[in-house]
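Letters A, B, C and D name the chains as they come in the text, with residue numbers starting at 1 for each one.
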Amino acid sequence: MSNAAPAFSGEVEASIRAIRADVARLHGELVRNGLVVWTGGNVSGRVRLSPGGSADLFVIKPSGVSYDDLTPANMILCDLDGNVVAGSEGSDRAPSSDTAAHAYVYRHMPEVGGVVHTHSTFAVAWAARGEEIPCVITAMADEFGGPIPVGPFAIIGDDSIGRGIVDTLTGHRSRAVLMQNHGPFTIGKDAKDAVKAAVMVEDVARTVHHAREAGPLIPIPQEAIDSLYDRYQNVYGQSTDARR
Amino acid sequence: MSNAAPAFSGEVEASIRAIRADVARLHGELVRNGLVVWTGGNVSGRVRLSPGGSADLFVIKPSGVSYDDLTPANMILCDLDGNVVAGSEGSDRAPSSDTAAHAYVYRHMPEVGGVVHTHSTFAVAWAARGEEIPCVITAMADEFGGPIPVGPFAIIGDDSIGRGIVDTLTGHRSRAVLMQNHGPFTIGKDAKDAVKAAVMVEDVARTVHHAREAGPLIPIPQEAIDSLYDRYQNVYGQSTDARR
Amino acid sequence: MSNAAPAFSGEVEASIRAIRADVARLHGELVRNGLVVWTGGNVSGRVRLSPGGSADLFVIKPSGVSYDDLTPANMILCDLDGNVVAGSEGSDRAPSSDTAAHAYVYRHMPEVGGVVHTHSTFAVAWAARGEEIPCVITAMADEFGGPIPVGPFAIIGDDSIGRGIVDTLTGHRSRAVLMQNHGPFTIGKDAKDAVKAAVMVEDVARTVHHAREAGPLIPIPQEAIDSLYDRYQNVYGQSTDARR
Amino acid sequence: MSNAAPAFSGEVEASIRAIRADVARLHGELVRNGLVVWTGGNVSGRVRLSPGGSADLFVIKPSGVSYDDLTPANMILCDLDGNVVAGSEGSDRAPSSDTAAHAYVYRHMPEVGGVVHTHSTFAVAWAARGEEIPCVITAMADEFGGPIPVGPFAIIGDDSIGRGIVDTLTGHRSRAVLMQNHGPFTIGKDAKDAVKAAVMVEDVARTVHHAREAGPLIPIPQEAIDSLYDRYQNVYGQSTDARR
């Protein structure tokens, strides 16, 4: 039977359960930080099953479900082609309409463990002008190591959104890209890290927007940017995932 | 007795009860999304009683009652001329001062199942300039299929607000109209759908406002707008009313 | 003994208790509507004791107390010269630093039953330019009947703030004045009505600010303003104090 | 053993406990007032142990811990060189990455009892232009006695941030400095007073930003600024620490 529940080892099952819980809970951070309205926005997290990552899975939000109704059980498990894992919990629902873009990122960036997409106000405002956000505040140097880049205009329906994200972020310090006329996508080592990037990209998009409204900005010297980024990524925090 | 409670079938009573509950609850979404202050704003929902719709009723908010005090029981049942149904629950209160506009829309647009009016900040800002919101972000193409149009200047007292809404939205993809110097009215297949449109119109009004403050916007090609609108309306979501 | 509790009739005591409760609770509306930070802002309500009003009292917030700690018991009872009523409940604390201005208004405008002062962001922004808010949205015509006027620059220490408020609002439809470089003061028939005016003046200050940022505004014809104001003040609502 | 818990007198222990509780709780005010996102921002409070202050300690937030998880027990006790007090409660965690700047301030300004740092939006916007905030609203004259000054560009890694704060604020009425391209640091007689300054600096940064967007600002005469500052600092409030 093609719709039988997949048989995973207990360890894999536990990992899937943990990531379902994380992804469901992290959607609440999008609301709390004012990044989304109605059912917009989505978070996903990779389930690591294979050394090179090519046989991994990921967990993502269902399509069109209210934020109040998101639970670990209705998160959706997909393979790296973006297909729902037949028979898995929640597999009777459709995944987020942005699933193909998330899948493309996981397929081509094995180090990425989480992906987030929102239509947060100020990040979208820069995207509607196709303008990168200049690195003029130290928090941006810490977190993104330079400007936030713009990705190409691409619409849903093929791989062009995913490819735009991957092409823009590969080799770039930034974990955030502003897809032109569309909005921010962020990546991270896990779903929480990608959500942090989504929160921070809106914060810097808003701050630099207002800063520039009122007059010319003072650039930060490149070597100071490099030093801030290096220190923040490598020195601070309680552990590898708790920074500042 | 002219004030006797109307005698509806059990099925109609159940439908009225369900719509009272929906309309009361959906007013909370206006508050939660920051679209209203004090007692401003109103939501209504059609009670379908007749095939062509001409003998339908609708449920609307009472006038001047605090959002904390709205309950299914104090919602008000009106006929399509905007008259309170004599003897119905809550009929001792006056309905929203915008009732005539809602009634006009239900009378002339039988497919409409919900109407919402707010004075949300950025939508009113575009309305005070009499300027339509250009379609420069993909979320707007998805949801509205093009620009948000402006309706005529019209004041309370006759049918001119309702007529302005109907004339502007008839044959238009947009479910939202910005009535000049006044504010947004939105329609939908039911009250929830109209509330979603009210949330989204403020979201795009704010985002495009900020985008344009800082420089020229990149237009989205018409064929991409068409493709996004078509896909969003027809493909995504868990069912006909859950999209994205 | 000069600090003995005053001897009021039971009816007056009940009225004072009711106004203490109203004034304490209404401060929560300032927070909920984002009009104040820290301990800024103040609401007062008149206790009507005399036909012409000249022997009335009023209840106001204590100075420098956190919004979380405001209770009916720590509101302060003052006479119309702004002196704390000796021996009354809470009279061991100092009243709001704006008490003299409230007292001046009650002394000179016997019809006023409530006064509110805030430093809400956009109302203060217009005040810092000394610029009145033009009446370009229908909600403003409804509520204020025209533009929001600016009062003179005046600082704490004598009657100049109170006099500026009274001189500006006497004979004006608006219940709100923007004191130059300072902020809005609003009046009403009771404390709740003045709080509503404080909420609405910030709402229109913000909306018209953003509207004008992006281009020229369309004026509303004076006769339409007159018609909207007349209707809103006289026709709508459940009773004299519940409008829209 | 170098990691033994330090032996403080009962009185000092009680003082440390009280300041741990204050500092933990006051971080909640940063969230409530919208000054911080994610784990950004930090509050510290001095523990007074010595007459001249040179042997004092201070309590500060741990690095990279979520605001929901801050408790008195995980606040970190440091000496005035910014070193964690070995063996003290919470000393297994790293203190805020801004600890060195706080320590420098406490070392060089013995009257300072609290320090706060945030990346609040509008304060950072002024900082990114290196522009002081002009004193055009009376609330600013009350609270800061004049403009909010800008400090030098300085990055983490040596004493340059702390020195920039101290050099800018020494002899200045303002309790807030905008460190260029970075953000606001505020000081106060205790942690609560510094948090109040952080709240007020963002409030005035936002208000003056919007005021100036729309046209020229009216200056406040210097003698009025002096009078307002003097009165607010010396006359109002319930006691020395409750003002307005």
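A few remarks follow.
By definition in this document, a residue touches a chain if its C-beta (ideal position, glycine included) is under 8 Å from a C-beta of that chain, and two chains touch if they have at least 3 such contacts.
Protein names from UniProt, one per chain: A, B, C, D = L-ribulose-5-phosphate 4-epimerase.
The structure displayed is predicted, hence computed values, not measured ones.
Counting the residue numbers used at the interface between chain C and chain D, under half appear in both copies, so the two copies meet with largely different residues. Centroid to centroid, with C-alpha atoms defining each point, chain B and chain D lie 47 Å apart.
The centroid of the Cα atoms in chain A and the matching centroid in chain B are 33 Å apart.
Residue positions of chain C with contacts to 2 or more other chains are 213. Which chains touch which is summed up as A-B, A-D, B-C, C-D. Of all residues in chain A, those touching chain D in their complex are 33, 136-139, 196, 199-200, 203, 206-208, 210-211, 213-218, 220, 224, 227-228, 231-232, 235-239, 242-244. Chain A contributes residues 37-40, 62-65, 93-94, 96-97, 119, 121-122, 124-131, 153, 155-157, 180-183, 209, 212-213 to its touches with chain B in the complex.
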